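As structure tokens, the structure follows; a few thoughts come after it.
All chains are identified by letter, namely A, B, C and D, in their written order; residue positions are counted from 1 within each chain.
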């Protein structure tokens, strides 16, 4: 078997080496584009003390909301609590450390982590709580905050299609944080809807080259729950 | 008469120019899309990774992989593009979005805005709002002038944690359109039938009132 | 006509507002993926005092090599001189200021410029001439150099296909620096091989969204000169 | 006998492991692709935006839009991907490339490397070399041990402008395979038939020589 065959055949195998107290990135925006099966597996494994990096923390009872139920997360880095009541409760009570990070800064911190950039300046958050304790600097008349990058032991992401070598494509807005997280995990596991042979994805339109991806698993099924079902007449 | 939410959106929509790339926040800003003037084409940017957001889908075309930043199912218009969150905020932070419309709890005469948390009570998170206020060249804040107890939200100094510092230049409320410059609000337009006195009364901030304050036109 | 119709019909129109002493980014790697017609037009216009940002400066007599002939460039920011004899001569004689920049740092400086990041740290160039006069910092045990970002008055890029709204796709390794430069020009002009109607490019596989592109021109013809023609038997 | 260029490439190729992503520089490093061991699959990264570089094209399949970092026309293998220069150097800088092989004018016992310019004489530019030496976890330098006048290029301290500081750990020349650690070169292998004395003679740097220095095997 080639060293480039990244396909694994069970969630156990997909998460081999995942343990308590790790830092884990989880792709998705709200419930859109989340690695449902991998999240479920970590829930089953019951690993705790996790530092979770994800834009949201799912909803009550679904997605990362399940990790919250079991108190698996000790530190949550994200941008939005939203309507997740348990998340808000854990935050307000101080039971879980929450590092609220502006969404664009979060995306860029993850990209930077994957790209070997240890820190960058951004205007976002200057003059707010986000800048407290951080270095600031005026560059060409504008104020900026220095933001360190983020990396993780595992990145759990969701893609639409993968080839066996780990090249990935995403579907529509289910892309969101997934491509950056793919680059920032020491071990990146992609849960996908379909696995095709190498060569079937057009090399000109690959969103995430396989070099970033260590394991690929075909998801058992995707519920793809919708948070705000809005339709026109 | 104070403006309805729809009328606030209509007034904001008058600021749209043909060819604008626009990011509309949740709430009243979302309604702006319903009042785009005739002959004006805009492309709506949704910070979760979509340029060219369209209307809601039908039951038949609903797609869980196609949502907007409010997590609502949407469609994509002709000429749309999908991209990552990093790319999306590169657009925003890099100043490529022509106009951002977003809500607020409070604004003050230094151009500060508070919109993301009420300590001890409500924490929704800042989402993309901090990036939007830091990145967009051109921001319009839509909000109510005062709370239901009549307490002004147009302040000398914000009391809540800030979303952004010294970044807001234009505010449209149910009573008035104001610009912020030189450390004060300047009254530019008033809602039809609303008196300057009422606006002054509901404004805690320093408010510069010119001799003539025209009514908004719809 | 819609405000999103970016198509222009002459090179004059494509370069309207381009003047002496401007900063201009030019896409391409070697002679691959360069905007041949736009380069030719600037040569014809004879604008001088330019700060040119481009990985290479073409070859003698082709690509940016033509601007060198006319001494149109006063400052060149790039990573590689290569076999361009005139470039090397102008550099060694000091007739043209040359800011040699590591290729990855150059790419990242341009990306950062387009993304509103004014400066970032990178390990590249630490301990070398490149770091001279720049702030350095040890972060988590490793040494880094602070690099400011780059933007330009004009970005002249080459894409494969555009739609009328300025959405772009690139072909194979002719992509190179073009997508980042598209984001970093106040006015970005894309010279393309084919213009299609909006909607004809799949929104899931657009490399450069139209928001970055102000003007699109269909190139008259592309010579696509090859620098190293290597074939197997 | 000193190794030929091909033999140096062959020795480097023995360091390749199945599943490695590898960046090969111009010159001798390029030749490594010809000697990949049986049963080992590697993907070649070319920093101009290609992962999965293949062999040269035929006259019929030549494509000016498909070149490598040496500006040579190439092909792409099955499972390849194209991307921008920013993405390419994100891979390199971010440490995702498993092995980088590149040439040098000089290396020294602190792990410094000089490969991009000779002041007043030759300025080719650093291209991607500074990023590659800063980013790759695992670098092999291929070079000649001394110049044609017999002057060593394996130095106590580089004399030419550096490409990278304290980043080189392994060097393969026509005479020897050496590792750099604790401020000295360590002789690991010698070319078949080349004496330790000859290597010492042509090495200006401090050279640690163990009792037994095996010959390279091909």
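Note that in this section contacts are C-beta pairs under 8 Å (C-beta built on N, C-alpha and C of every residue); 3 or more make two chains touch, one makes a residue touch a chain.
Keep in mind that what you see is a predicted model, and the values were worked out from it rather than measured.
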Higher-contact pair (C-beta pairs counted), C-D versus B-C: C-D
Centre-to-centre distance between subunit D and subunit C (centres being mean Cα positions), rounded to whole Å: 29
Rounded Å distance, subunit A centre to subunit D centre (Cα mean): 35
Subunit B-subunit D separation of Cα centroids, rounded to whole Å: 55
For subunit A, residues contacting two or more additional chains: 108, 111, 115-117, 122-123, 170-172, 203-204
Sites on subunit D at which at least two other chains make contact: 76, 82-83, 89-90, 92-93, 135
Contact pairs between chains, per stated definition: A-B, A-C, A-D, B-C, C-D
Partner subunit D, residues of subunit C touching it in the complex: 29-33, 55, 78-82, 88, 91-92, 100, 102-108, 110-111, 122-130, 143, 160, 170-180, 207, 224-232
Parts of subunit D lying in touch with subunit C, wherever the complex brings them together: 46-50, 55-59, 62-68, 70-74, 76, 82-86, 88-90, 92-93, 112, 120, 123-131, 134-135, 161-166
Interfacial residue positions of subunit C with respect to subunit B in the complex: 2-4, 111, 113-117, 163-165, 167, 183, 198-199, 203-204, 206, 209-212
Contact footprint of subunit A on subunit C as seen in their complex: 108, 112, 115-123, 139-140, 142, 144, 148, 169-172, 203-205
Touching residues on subunit B, where the partner in the complex is subunit C: 17-21, 40-43, 45, 51-52, 76, 78-83, 87, 89-97, 135
